[in-house]
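Next, two complexes with subunit A in common: one pairs it with subunit B, the other with subunit C.
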Partner chain A sequence: MSYSDKVIDHYNHPRNVGSMDKASTDVGTGLVGAPECGDVMKLQIKVNRETNVIEDAKFKTFGCGSAIASSSLATEWVKGKTVDEALAIKNMDIVKELSLPPVKIHCSVLAEDAIRAAIGDWKKKQEATTPVAAEAK
Partner chain B sequence: MSTDVKIPQASTQAHHSDPKGVKLPIYMDNHATTPMDPRVLEEILPYFMEKFGNSASRNHSFGWAAEEGVETARERIAKLVGATTKEIIFTSGATESDNLAIKGVAEMYREKGNHIITAVTEHKAVLDTCKRLEKYGYRVTYMPVQKDGLIDLDDLKRAMDDKTILVTIMAANNEIGVLQPVAEIGKLCHERGVIFHTDATQYVGKVPMDVNKQNIDLASISGHKMYGPKGVGALYVRRKNPRVQISAIIDGGGHERGMRSGTLNVPGIVGLGKACALAQEEMPKESCTLAGLRNRLRDRIMNRLDEAYINGSTEHRLPGNLNISFAYVEGESLLMGINDIAVSSGSACTSATLEPSYVLKALGTGDDLAHSSIRFGIGRFNTEAEVDYVADRVIETVERLRELSPLYEMAKEGINLKDVKWAGEAH
Partner chain C sequence: MRAAHFCESCGKVQPPVPVDYFSFFGLPPRLSLDVAALEKSFYELSRKLHPDLNARAGSQEQEWSLEQSSLLNDAYRTLRDPIKRTEYLLHLEGVLLEEQSKSATEQARATGELKKQIVPPDLLEEVFELNLHLEELRMNKKMGDDDPALFEEIGKAKLSLEAKHEALLRELQTYWKEWDGLIDRGPDASTTDRQRVSGKLVDVLNRRNYIRNLVRDVNAAMEN
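Right, the complex of A and B next:
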């Protein structure tokens, strides 16, 4: 199997590898995939509550080179975007950018899922920390 | 193996310049195929242009010269496995030999019974042949294997019934290199009047073989797994005690005593013969060298990396085989990181089916660890310097990928990955 230059570049020099404090209210964490399926992605975002802009993103991925590249690219793309803009990223955008072959499309789907899961987690935290919710305690 | 070969690209972007004593890329996938020994090539060359005759041409010297080459090869193969020359049938390779043995027995002994026994870790050439026979009304038992990859002889005894005509169990596994107790299996078969076929593709020329002492009735042999050419193989067919008969699957001019028609691949056969002669001569020393290199690779890797697991029996194993699962690292990404080294992975990502290795799954290895496996196949032309280089590259790549792995991070945090609900949503 041959890889595109972009996949190889992300594999050799993955962007934004790391972890953020998943307990922080500003951080949203998405963990998608399963070890039995050969792919697990953890994607984290740090969002500015005032502007809804994703100020930082980190990832760690267990998976093939295309899975690593898809999640690395996803962190690059979400950084600087608002939450709503990030939700507009589609897996086919990733496929196109990395020239993924058909058998690797599931890697891009997983990356899109990871973005959505991270944003979903962050939104849940915001709902839980609104004044109303705080008073309800 | 459901593993595909990873072939390093010429434009390798590895950051490593050729280290001392090692020429890159390194070939360490000798279960997939072996490079041809130069002595084999030398033996073959005259049979393309000077001795090009058809070995079936009985009336002129061109035919006689070709026939002489074929018969010398037949003697050499027979000698290596303890057979007589009349018991060696040439084929196009081990896949054909497996097909001929299994389908040939099934058809010939149809009136005696319709039950065949094999194991789940067999090569697809055996499994798919058995599956096809099921469509034609044969009953097939696919025996499980134990954790070490070996079949349980009691399971085999229990599986046999009065309709059993054939047991087909491989001598050495192509993924994990484990050696089945061939002699004991053969003995059980002979006690019950059942024919015993073994796919000896990975075994012949690597481990001493004697069809009589090991009670083997049919054995598949391949040229290109033992430093011979591709596209040539053989089937050993026992002539007495008991006499085994098989129906042909290719009809035609009645070559190979009617069992396999078609003009003989004379250069290929000559090469297979020479490969067998070389193996016979060098096996004692070579198996010792290979085991030494394999153990060196194993020890270097296992001493430096935690949570690396050897798949299959370490005791009953081909000398050049090593199969390791590196927890928390996916196999294909590991292959990508060591792209100046040709090895194989049991990862789904390297197979067409997206299923991880069925052989590793049969050992009870979880899908996660099957995805994380690498097969190293050390062969005649590998060196100690290569082994050291491979060990270093594997270690540094596994360490790098673990730093990238959320599973490794979770495990280090004390999370039991088995308890995690992998739903595809944030937890």
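Right, the complex of A and C next:
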């Protein structure tokens, strides 16, 4: 199986590799795994509380080239989007952009899962840190 | 009952009929399997089905022998391995391992609820952490550095992983027994029961995947 040029590019020059402070209330962390192959991916987002815009994203993936490329692309895509816009990203969008073959679809699923998990984590933190505002309503 | 590989009256090789691997050996689809007996029956059958022993080259019978022999090889290789056997059984049960995760993601997308990760979060954390350590170890090696403390830590992790792997195989066997119990009950066992047990089997296999990959990576990183 040969990787597409885009996959190779992301693999050789992954964007946004790194990590952010997991404890920060602005940061959402998604740690997910693909049961099919045992790979793991961590994706983190930093969200502006006023605008709900994702200002920064970082990832770290231990897995195949397609998983690395998918998560690298995912961080690029979510940056500058609002949380709701980011939730609209589907794994098949990633498949198309990277021309992933059918056996590598689960790698893109992993990236979508990671985005969702990170946003879910961030949302949970927001609910937990704004009980006063919620009660005031 | 063993699938009819040979003609009852003349003993000649018959055309292969589409059967599952268990039936090919005349076995019920039970997971606790006597591997020694399987091996014996494999050698017996493979002698009898051997294409060279069966009639003229190019004849219909020889063609059937070829087909039956290759089916026999596949069946044997699948059933003798505990993991492959379990995966194969799940495949027979219609469980699509690959599809599961995808459809769970689709459901999460549609409902907005968080997808339940098949692998428990603390295991994921552990896997992630260890991978970080391994990366560090590889980096050190590249730079010609030696960090005995790191090496020792990874060595400890390796032992604990191997213990986990053993434990998972034992866990797998307890579900085998549950499954076999259902098979022995025959048609009395309900579909819900089968699904419940096959779900547990899937769960163990998934967790094992993580561990197996890690053990492999740890070994590779420590060796070179």
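Miscellaneous remarks
In the analysis below, the second predicted complex is superposed on the first by the 128 of 137 C-alpha atoms of A that agree within 3 Å, B and C clash if a C-alpha of one lies under 4 Å from a C-alpha of the other, contacts with A are read in each partner's own complex, and residues count from 1 in each chain.
Here is the rule we use: a contact is a pair of C-beta atoms (placed from the backbone, for glycine too) under 8 Å apart; a residue touches a chain by one contact, two chains touch by 3 or more.
Everything numeric in this text was worked out from a predicted model, so none of it was measured.
Applying the stated contact rule after C-alpha superposition, one finds that A:Tyr11 touches subunit B and leaves subunit C untouched.
After overlaying the two complexes on the shared chain, residue contacts for A:Ile105 are found with subunit C alone; subunit B is out of touch. Once the two structures are overlaid, the count of subunit A residues touched is higher for B than for its counterpart among subunit B and subunit C. Once chain A of one complex is fitted onto chain A of the other, the partner contacts of A:Asp113 extend to both subunit B and subunit C.
Residue contacts after overlaying the shared chain place A:Phe62 against subunit B and subunit C alike.
Applying the stated contact rule after C-alpha superposition, one finds that A:Thr29 touches subunit B and leaves subunit C untouched. Look at A:Asn91: by the touch rule set out above, it reaches subunit C but stays clear of subunit B.
When both complexes are aligned on chain A by C-alpha atoms, subunit A residues 31-40, 42, 60, 62, 113, 117, 120 touch subunit B in the first and subunit C in the second. Within the complex formed with subunit A, the subunit B residues making contact are 4, 6, 9, 13, 328-330, 332-333, 336-337, 347-350, 354, 356, 366-368, 371, 403-409, 417, 422, 424-427.
Residues 1-3, 8, 11-12, 14, 17, 19, 28-42, 60-65, 67-68, 103, 113, 117-118, 120-121 of subunit A are the ones touching subunit B in the complex. Residue ranges of subunit C in contact with subunit A, taken from their complex: 97-98, 100-102, 105, 108-109, 112, 114-115, 117-119, 121, 124-125, 127-128, 131-132, 135, 206, 209-214. The touching residues of subunit A, counted against subunit C in their complex, run 31-40, 42, 60, 62, 87, 90-91, 105-106, 109, 112-113, 116-117, 120.
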